[in-house]
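Each of the next two complexes has subunit A plus one more chain, namely subunit B in the first and subunit C in the second.
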Partner chain A sequence: MNKYLSIFKTSFSQEFAYKLNFVMWRLRNVLQIFVLFFFWSTIFSDPSRMVFGYDRGKILTYVFGVMIVKAVVFSARTVDIAGDIAKGDLANYLLKPISYFKYWLTRDLSSKALNLIFAVGETLILFFILKPPFYLQTNPWLILAFILSLVLAILIFFYFLLLCNMVAFWAPEMGWAVQFLLVIIIGEFLSGSFIPLDIFPLGVQKVFYALPFPYLIFFPLQVYLGKISLAFTLSGLLISIAWVLILGFFANFIWRRGLRRFAAEGR
Partner chain B sequence: MKELKRYFKYWLLMSRNAFISTVTQRYGMLFFFFGKIIRFFIFVVAILFVLKGTKTIAGYDTNQIIFFFLTFNLIDVVSQFLFREVYRFRPLVVSGGFDLTLVKPINALFRSLMGGADILDMLTIPPLIIAIIIIGQNFNPSFVSSLYYFFLLLNGLLISTAFHIAVLGLGIITMEIDHTVMIYRDLMSLGRFPIDIYKQPLQGIITYLIPVGIMITIPAKAYMGLLSWPVFVGSLMFGIGFFLVALRFWSFALKKYSSASS
Partner chain C sequence: MDRAIVVDHLVRDFVVTEKESGLKGTFSSIFSPKKKAVHALKSISFSIQPGELVGFIGPNGAGKTTTMKSLSGLLYPTAGFVQVLGFDPWDRKNEFLKQIAFVMGQKSQLWWDLPAIDTFELNKAIYEIPDRQYEETLNELTDLLDAKKYLNIQVRRLSLGQRMRVELIAALLHKPKILFLDEPTIGLDVVAQARMRDFIYDYNRKYEATILLTSHDMDDLVNLARRVIVINEGKIIFDGLLDELTNRFAKEKIIKATLSDEKNIADIEKIGKVKKLAFPEVILTVPRSAVALAASELLQNFPVEDLTIEEESIEDIIRRVFKGEGVKTKLF
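Up next is the complex of A and B:
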């Protein structure tokens, strides 16, 4: 446990080594929130307007929620694994007395902790500047379910990112291309980062819900906003657990197959 | 004219090399290409679904909102097609490899700005233009409106060029490119929708300070016949001024280049 705590601390410090980079990265997140905020704010300029089951307070809470939940779920260092495999640097880790998965999960958690601190600060600043109406959830059970859904979202994203990166075992130059398509393009949209998924027809939503992506951003925020029934909340949590188990199984399976193929080229 | 021809030949040669380099990773190229196409359609579908529920956004109907989005995409894609080399500038400055660009008998700014066109972006330009023509027909534009649109698009590209030159200049001074150019693109993305949706002072900032409005919203409005000629002239003057300031900044930054690590 101590060694992972040390990895957490070292990784946390490493993020500060490139301060300007980090500040710029956070600035980008704020700009993206600006687009979403003003887009929805214009649509809901009439405070009494209800569209897609959202009022002004709930949709703007969703926008700010995306900023916080994205910082927790989507910030990860695991994106570097493909590079390690392609350059042969993975060999260094295999010689160390650590679990490779736990090592990257720890680094992810450190990145998430730092991003969360900044995201909360940014949200507070934007909150005072933009003064949006905010929906505060007071039901302790829903808050608990929200936290649980976040933990599951972190694990789903971790295993999904691992799987995308492990493509590099078979195609070393493809790691970034696969992440671009599956994580940045498809994953961000189907997670509800840009628009809430319940604006789509029910049939389309059912297809979305069969995939792991809505459980990354959209589902936790729906739980927080109290927009879904208790039964749907529970089934959503169970589906999230199922995705963690399925993706975890495949990540371990592909990892073992990939290691058999790994030749540490480049070292 | 002779000089222009010479540089066009250089550009063709460098673009061909960049293309050959891209196709060496053909599967990766396909993923990026389909990623870009899917992203475009995802946004269109999302906008259509939102407008199905709201009917209008800031007083603009579906066709108008889609037209703003297409205009944003056209300027964004053409800029990326022409200026992809900017994304590869940082390692040259950090390693001192930029020395090799400086000693060559070719303009260093031209080489750094346009030294590697992106074939993937080029492929998406013709369908975008066709989509703009098809959606644009709904506004029954006059000849003057079409002319305004054409010149304001060129003006938007001039401002985009100025931004990329400024990013290169900043790269020399701060050795930071990656996030600066992405911040420029994030700012550009504010133009996905008409800038009328943003409140003051943000609307003022993205009209005059970071002229996203002049680059995207104003050309689209001109095509819809919603623009007066003084705004047209003012926009062109602003674009030219912005470009000249960027060139001055590049000259200033170049003097700060320390040739470190070379």
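Up next is the complex of A and C:
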């Protein structure tokens, strides 16, 4: 365990080596929140207006919630794996008595911790600037379910990103393109970080809920906001668990296949 | 366990995709990729005793690095048997990985943005090195490599020579029993090369570590390895003592003479093959068997001031071995 604690600490210090990079990344998040905030503010300018089951307070809580949940779920170092594979740097890890998956999960967690600290700070600042109405969940069971859904979201995203990165075993130059397409476009959109997914027609929503993506951002936030029934909360958690298992299985399977192909190139 | 490394009929193939140049080549490689199997290792066998220091010689692409990668568990063998310290490297068991280290001259395991000491601390945790042992080994290695002043500098700011020193420390903190060194002296200046060599030599002696080394620098091998394995095109063409390699393949001797007079200098061609003729210096190569005769003829017929007889340089011998000269007919 000590191994991974050490990795956590080293990874944390590493993040600080690129201070400007990090600041820009956070700035991007803040700007995105600004845009969404004013967009929804305008739509809900009349405080009594309800659209798709959201009032002004809930939609703005959603927007802020996205910032926090995104910091926890989407911050990851795992994006570097494709490069590791393509450049052959993977060899360095394979030679060490550590589990590669645990290594990267640990690095992800350190990145998440750092981003969470900043996201909370940013939220507080924005909160005082924009003074939005904020919905505070008080039901301890829902808060527990929210935390559980976050843990599952972290694992789903981890395995999903891992799978995308492993494309580099077969097509070393494609790693980044696949990530961009799948993670940034599909992942961010289908996870509900731009718009809440329940404003889509029911039929479309049904399709979404069968996919792993809504369980990354949208579902945890719905649990927090108490917008969904108990039955739906439970089934959502179960589907999340199923996705963790499915993606985890494939990640392991493809990892073993990939390693056989791996040639530790780069020299 | 008597042998540290056993390799039996190891085969490794690679599939490479060929692409013709330009945009057109890119498109055709997408739709109908031309795949080609490259046989990097064609059934090689050898074994190494604990504590041996063995040098791998071979031109680029001969299969030296592929062999080392197979031995350290990085590559899945296409066929054949590999055993290192009683383990199958491909299983990558922690007990196995804790006993080996692989240093690549062109690759770094250090965290680029952090000082080397951070990587060391991390390795200490990863290899589960006890505090006391870590302190001792670190001090010893930093002394041996004279690297104390580089430990707290961001790795990206170190020069290549400085980086290689801390790289070695990072790789050796867990006192590996087997050390794979792939071109450890590449790109280093003469002084740094000599330091690296001394270190490898001392390390082998002191810790009785088994060391496998590849290098293009013959000085590395002459100074370090008694036993060499020569690989060419995925096959072992020589495995034995370095001296034996010289004896077997050196077919000529070199006579260097200093003359006092330019008279009849053109006739010198009759004695042997002239490699250099720049009065007063003459360099000739003659067959080993005829060296005594050639030397006496030279002394009798020319105004010789000074004369030495030398062996061919190891580079020349190796170059001939790779060209396949005399190998297939004489050895196999």
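We adopt the following convention: the second predicted complex is superposed on the first by the 266 of 267 C-alpha atoms of A that agree within 3 Å, B and C clash if a C-alpha of one lies under 4 Å from a C-alpha of the other, contacts with A are read in each partner's own complex, and residues count from 1 in each chain.
Methods note: contacts are C-beta pairs under 8 Å (C-beta built on N, C-alpha and C of every residue); 3 or more make two chains touch, one makes a residue touch a chain.
Remember, predicted model here, so these are calculated numbers, not experimental data.
> Kindly say whether there is room for both subunit B and subunit C on subunit A in the superposition, answering fit or clash.
Because the two structures are overlaid on the shared chain, the partners are seen to fit without clashing.
> Could you work out the angle between subunit B and subunit C as seen from subunit A, using CA centres and rounding to the nearest 10 degrees?
In the superposed model, the angle at subunit A is 90 degrees.
> According to the stated criteria, A:195 is in contact with first (subunit B), second (subunit C), both, or neither; which is it?
first
> If you stack the two complexes on chain A, which partner ends up touching A:185: first (subunit B), second (subunit C), both, or neither?
After superposing on A, A:185 lies in contact with subunit B but is clear of subunit C.
> Which partner does A:21 contact after superposing on A: first (subunit B), second (subunit C), both, neither?
Touch status of A:21: first partner only.
> Identify the partner contact of A:10: answer first if only subunit B is touched, second if only subunit C is, both if each is, neither if none is.
second
> Have a look and say if subunit B or subunit C is in touch with more residues of subunit A.
Of subunit B and subunit C, more residues of subunit A lie in contact with B.
> A:259 in the overlay: touching subunit B, subunit C, both, or neither? Say first, second, both or neither.
Second partner only.
> Using the touch definition from the top, say if A:98 reaches subunit B (first), subunit C (second), both or neither.
In the superposition, A:98 contacts subunit C only.
> Check the residue A:88 against both partner chains and state whether it touches subunit B (first), subunit C (second), both, or neither.
The answer is second: A:88 touches subunit C but not subunit B.
> Applying the touch criterion given at the start, work out whether A:206 contacts subunit B, subunit C, both or neither, answering first, second, both or neither.
Neither: A:206 stays clear of subunit B and subunit C.
> If you've got the overlay open, could you tell me the nearest Cα approach between subunit B and subunit C in whole angstrom?
5
> Under the contact definition given at the top, report the residues of subunit A touching subunit B in one complex and subunit C in the other.
No residue of subunit A touches both subunit B and subunit C.
> In their complex, what parts of subunit A are in touch with subunit B?
Touch list, subunit A to subunit B: 20-21, 24-25, 27-28, 31-32, 34-35, 38-39, 41-43, 51-52, 171, 173-174, 176-178, 180-181, 184-186, 189, 194-195, 199-200.
> Taking the touch rule as given, give the residues of subunit A at its contact with subunit C in the complex, in rising order.
2-3, 5-7, 10, 13-14, 17-18, 88-89, 91-92, 94-98, 259-260, 262-264, 266-267
> For subunit B, which residues are in contact with subunit A within the complex?
Touch residues, subunit B against subunit A: 25, 27-29, 31-32, 34-35, 38-39, 42-43, 46, 49-50, 53-54, 57-58, 174, 176, 178-180, 182-183, 186-187, 189-190, 192-193, 197-199, 202.
> Which stretch or stretches of subunit C touch subunit A in the complex?
Where subunit C meets subunit A, its residues are 14, 65, 69, 72-76, 92, 94, 97-98, 100-102, 104, 106-107, 109, 111, 113-114, 118-119, 121-128, 154, 182.
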